[in-house]
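Just dropping this structure here.
A, B, C, D and E label the chains in the order they appear, each numbered from 1.
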Amino acid sequence: MASEVILQVINVSKSFGGLRVLNNVNLSVKKGNIHALIGPNGAGKTTLLNIISGLEKSDNGEIVFKGKSLRRLSSYKRARIGITRTFQNLELFSDMTVIENVMAGMYFKRESGFIASGLKLRKVRKDEKDIANRSLQILDFFELSHKKDEIAKNLPIGEQRLVELARAIASEPELILLDEPAAGLNIKETKTLGILIQKIRQDMGITVLLIDHDMELVMKICDFITVLNFGEVIAEGEPIVIQKDPKVITAYLGEEF
Amino acid sequence: MTLLLQFIFSGLTTGSVYALVGIGFNIVYNSTSIINLAQGEFVVIGGLMMWFFFVGLKLPFLVSFTLTLAVAGLVGFLMERLTIRPLIKKGDLLLMIMVTIAVSILIRGLLMFKFGKDPYTYPPFTVGEPIVFLGAVISQQTLWVIGITCICIAILYLFFNKTMTGRAMKACSLDIKAARLMGINVSQIVMLSFIISAVIGAVGGIAITPISLMEYDKGAMLSVKGFCAAIMGGLGRGRGAVVGGFTLGILESLTAGYIHSGLKDAVALFIMLFILFLRPAGIFGRSEIMRLRKF
Amino acid sequence: MLVIRNLDVYYDKLYTLKKVSLHVKQGEIVTLIGSNGAGKTTLLNAISGLIRPAGGSILFNDEEILGKTPESIVKMGISQVPEGRLIFKTLTVEENLLLGAYSYYSIKRKREVKEEMEKIYKLLPVLKHRKKQLAGTLSGGEQQMLAIGRALMAKPKLLLLDEPSMGLAPTVIHEIFKYIVELKNLFRLTVLLVEQNARSALKISNRGYVIETGRIINEGSAEDLLLNRDIQRAYLGRDLDSEVKI
Amino acid sequence: MKKDNALTIFVFSLLILIFPLIYKDTYLLTIGIFIGINALVAIGLTILMGYAGQISIGQAGFYGIGAYVSAILSLYFGLPVLLSMLLAIVVACIVSIFIAIPALRLKGHYLAVATLGFGEIVYLILNEWGPGGPSGFGDIPRISLFGYTFTTSYEYFYFVWSIVIIVMIFSFNLINSMTGKALKAIHGSETASATVGINIVKLKIKVFILSAFYASMAGAIYAHYVTFLSPSSFSLFYSVMVLMMVVVGGISNLWGGVVGAFIITILPELLRGFKELDVLVYGIILTIALLFVRKGFVPLILEGYRRWLQK
Amino acid sequence: CKEPYKIGAIFSVTGAASFLGEPEKNTVLMLVEQINKAGGIKGHPIEVIVEDSKSDETQAVLAAKKLIEKDKVLAIIGPSTTGESMAIIPIVTEAKVPMISCAAGASITLPVKERYWIFKTPQYDTSAVEAIYTYMKKKGIKKVGIITISTAFGDSGRKALLELAPKFGIQVVADERYGPKDTDMTAQLAKIKASGAEAVINWSVGPGQVIVTKNWYDLKMGIPLYQSHGWGSKRNIELAGKAAEGVIAPLGRIVVWDKLPDTHPQKPILKKYVTDYMARYKSEPGTFGGHAYDALMMVVEALKNVGPDRKKIRDYIETKIKKWPGTGGIFNMSPEDHCGLDMTSFEMVIVKNGDWEILK
């Protein structure tokens, strides 16, 4: 796989009040990799993801995506240049249908504006048709098309997670950030999810940065792992290396693994 | 100097009323997340019922006072049982707020029916000349109002931060299901909050009527100003409502004094907006909390 | 201790639980496994009184609790760690824990509450460090710990756990399970556990039930279930397991 | 627009067309005109609240700006009425941008108070500096189209309702488009909307402008129909009534604005018989309506209609 | 029983201006009963359909439409406020229905040419102001501070006060305002005190005038307080208590009817009206109830003489209401004046020992 770096986190620190949550974190994600970020609860993983996606500002340091600093870009602009994400505590548009959720993910791809939409010009109709079709394709990919008209919040958690993933994929990102996608899924579903993530990387060429506590999943699908503890990177490497790293075992994995 | 002081006293007088209404808002907000826009009507009920018992029926002061609070509490109780309770589990805040508006119209209709449209008043709690301080005058009744306001926030502070019932109330506004899983009787607690806020509103009404008279339709204005006060100070925070209320009152009287009395409300509101734009969660509100809750 | 007979629940005229019967003896840990949407959460909510079943009976210590309010059920000693945590986001960690003790709190028992809180802090030290922090700003895992701690604060006789391991780091799961077993051994705490991670759940359990589209389809001792081939394939992810292990 | 919406609007337009032909009563027509005017304001608020999830208790402000600016331009500056109406709308839209930018940082009750504050400020300014001050001013010219001046209630009725129908069509198109989905998305989760590339601020501002557009248009029509303006028509009370219309009609459906405007406008007329007690009865009816209809009348009607179809 | 004559009435029975609409409505209901009991107009009972405009112009428009279209009334009395009157003028003019407004604004009947169908019974605000200023001139007061309520009532008073001051050699040194529901006016009064004014004039109705009086008293301003003609209700004296002592106001004779000489042409009417009203409603009709009295009686008199014809009613009122004693004064209508009253319809009255006393 190519070894070009797509995302670089350089010296990022972050405090809340007096609490230092991230401390000079450095991290590089290679294009085409599935990269995992693991660590104990409260280590700062979600915070780092928030900083990358622009929901939170870092105190210092820099995020570089495809060679460009993201400092001045607000969240929605980062999405537009190719970084989307899912959330640890689901953030679905819960009163919208499944397909509407996915279509919303493509919002910025449409070409027609506010007034044109109200007047329903021909190009608007075409635009919308395209978007609806593409959304259906994506739902097909996740085997969710039979539920396209259900209200999102009525789905079981597992499927909600998939819808969120589909929504993130819809905007055709280059990098997708997944925050505990397997939480609340049973082993079977987790396995399907693993396969899906691999397919996303394979078929769509999307780089994945993933957080999860499900070690079976992480060890199985990831190319590279970064371990965070108390806001600092304590280990980095391939799964086999990390599994055996004593620091990681005491801080995170426990003896059993 | 005297003039400035006089303006401030005047602001304190009006501000304390806003503060009391604002506190009432906070209590209900803290247990339900809704703004009870009938809060101003409780103040009116306080003033008018006090007149009814004290002047109309010529009962002794304390008896009238107690009876008035009882009536207000009863109205709060009925309002909660009949209108809020059927809706609260659905959690549609907007609907509940609209219902409080409808109830306020209803209460106003009732009060008009009973008391007509005339203003009412009765003698101040303590008779005597107004107090002169550095040339500025402040009436004794105003001191009463301010004192009562202070006592109310002190009690409420202790209640919400030191007692389990207070905490339980806050829990109810956050997540009804979870609150029930803690063993909290949500329906009772919400009822309690309506009663307390009604009683506090009525206390305010009893205290201000000698200063500012009371008529059946004063409630809407009080609700609006109290709402502004509560928001300006930061919703849910007792001292927020008080600081908000006094700020609003003093802003109004300073504008009236130094800028233009015709625009005093406009200027005060404008400054309120400005404060909100600087501090979207109000003076004492925490933006973290704002981020964590929808309302 | 808990006996459920022929419980029926429906949402919108569709059966979610159909004639479910199960029991949990005092001092037992019983696991409920089943796929997404099988009705596990619904069952726990029915026990807690959060939803009204259409028929059947739920006996707790030989007393019918079906139809009682959640408040009174909690007071009888049943406490739940709900799905989705449902912590009070804008209250502090400490306030959340205190509210856990709401059902028996009184001035006189203040000390008891304090002691209980210390125990929770010892089990989950993170919470102690964060006690003045707003619960909603905790990390996902920390919130899960708080939800568990809060339920334990109630000093329940019967603890209902709905996916307690969600979002928790492996070491923490381990700690919590260990603690629950300890409580069971020391105080004969009874536990009904719903868990996606069925294997580790069954490991600490005495017995288990398998629920599928609202019906109990299998039950037995934990060991039996762990060894059952169908169950292994469906819920324990045996084949996945073999692929991963290197 | 979806097919059933198109059909409903078509049937509705027919009804509007024939109504004045059957009822030749200008009292009813006048009520109809006010319903139409209120409906315009309510539709704007329905989009703002029901779809974008932004509360506003300040629509009277835009309504007032539309009315006053248009009246002043045509009366004192002698501009043609249509031009002054247009300019009034432009002014209201510009004002709305200045309000929206800071206000939309706020949410929930805070946003409610900020918009309330805005509405009150407009009212107080009209009261202080508007022509005639609190007493108001009259003799505002009537609407004229291509040299033809509208004088009768018929003309105003058709004029108002044609605009309502155009506005409905535009609004339906809008909310069924991608823009509508983005609005609902913002309502659902702002964080998530941002991370899928929706420019929340810009979109919110646009809807805010749209609602100001509708409200000021309604205000301008009001001014040139009644030909007399005083600030009291643009007080907080009006904002609250519009809010009530939206909630009573049903916040989640555009028709809610129209139905709500109908109910809230006509209710006081029906209650004229109660004389003294009308406030009380009004309060009781509102309370009961809210308690029992909850989601608003439109969803209730739709539900009934669906049941009826199934039979 | 013959067919009734229908007359429409639009009053602000509720809302901000209910202080006007309430006594007006009461008056009309009482009069209708009396007239019908006395046999009506040549055997025709009269029927007055009272609509509540809720102090709102839109509602007034609807009410006017209803009265004209549905009830086909012969004439309309009211509305109570200038704004509502202005709002319905185009409608009644178009429908050619005579209207006698109960609001004071000059623009209601001016320019008379355009207000062909419109009359009004209240005195102009300017008349009340003239009465005050004339009295002040006599007392040698040169500088006044004015404080007015920010409603139409206060505003038109304010305009008149500012406009007429130079004519009387009076200087307005402070011009303050307050809202209809304000609870404290100390700040404004303190400012007036500091401005060196020799008298305060408050122009308002409702609780505001009592609060101003109390604040004026508490501040010990040391200068006299004048109120508008809205002050004429005993309740105000009761509410303000001892603070009201010494307050001066131009009031219609209706308030001090019992202190008028028996020879005064208004006295019999006032006596009957006030005593009947008090007996029935346990409160005073005040100046405002009187406006409705005058309006209705004009229509009734016209009906008596010309019968049920809108145009004839109008013509009768314009040309035949001369030296006509009403509650508000002696009316002299003419094609140039559709109001017919001037400042002589007011008396300057001071509060002494909790009662009114006419100042000479």
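Methods note: a contact is a pair of C-beta atoms (placed from the backbone, for glycine too) under 8 Å apart; a residue touches a chain by one contact, two chains touch by 3 or more.
These numbers were taken from a predicted model, which means no experiment stands behind them.
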Intersection of the contact lists for chain D and chain E: B
What's the farthest chain from chain D if centres are computed as the mean of the Cα atoms? C
In whole angstrom, the CA-centroid distance of chain A from chain D equals 42
For chain A versus chain B, what separation do you get between their C-alpha means, in angstrom? 47
Chain-centre distance (mean CA atoms) for chain C and chain D, in whole Å, is 50
Using the average of all C-alpha atoms in each chain as its centre, how far is it in Å between chain A and chain E? 73
Numbers and ranges of chain C residues touching at least 2 other chains: 137
Going through chain B residue by residue, note those that touch at least 2 other chains and give them in order. 112, 262, 265, 293
For chain A, write out the residues touching at least two other chains, lowest number first. none
Spell out all pairs of chains that touch, sorted by label. A-C, A-D, B-C, B-D, B-E, D-E
Give every residue of chain D touching chain B within the complex, in rising order. 49, 55, 102-103, 105-110, 112-114, 116-118, 120-121, 124-125, 127-128, 236-237, 240, 243-244, 247-248, 251, 276-277, 279-284, 286-287, 290-291, 294
Can you list the chain A residues touching chain D in their complex? 53-55, 74-80, 84-85, 87, 91-96, 100, 103-108, 110, 112, 114, 117-120, 124, 127-128, 131, 167-168, 170-171
Help me check something: in the complex, which residues belonging to chain E touch chain D? 13-14, 16, 50-52, 54-59, 61-62, 65-66, 68-70, 82-83, 86-87, 89-90, 94, 105, 107, 150-152, 154-156, 159
Can you tell me which positions in chain D touch chain E when the two form their complex? 25-27, 30-31, 34, 127-128, 133-138, 151, 222, 226-228, 230, 232-233, 268-269, 272, 275-276, 278-279
Touching residues on chain B, where the partner in the complex is chain E: 3, 6-7, 9-11, 13-14, 17, 112, 116-121, 123, 130, 136-137, 139, 208, 211-213, 215, 218, 221, 252-254, 256-257, 261-262, 265
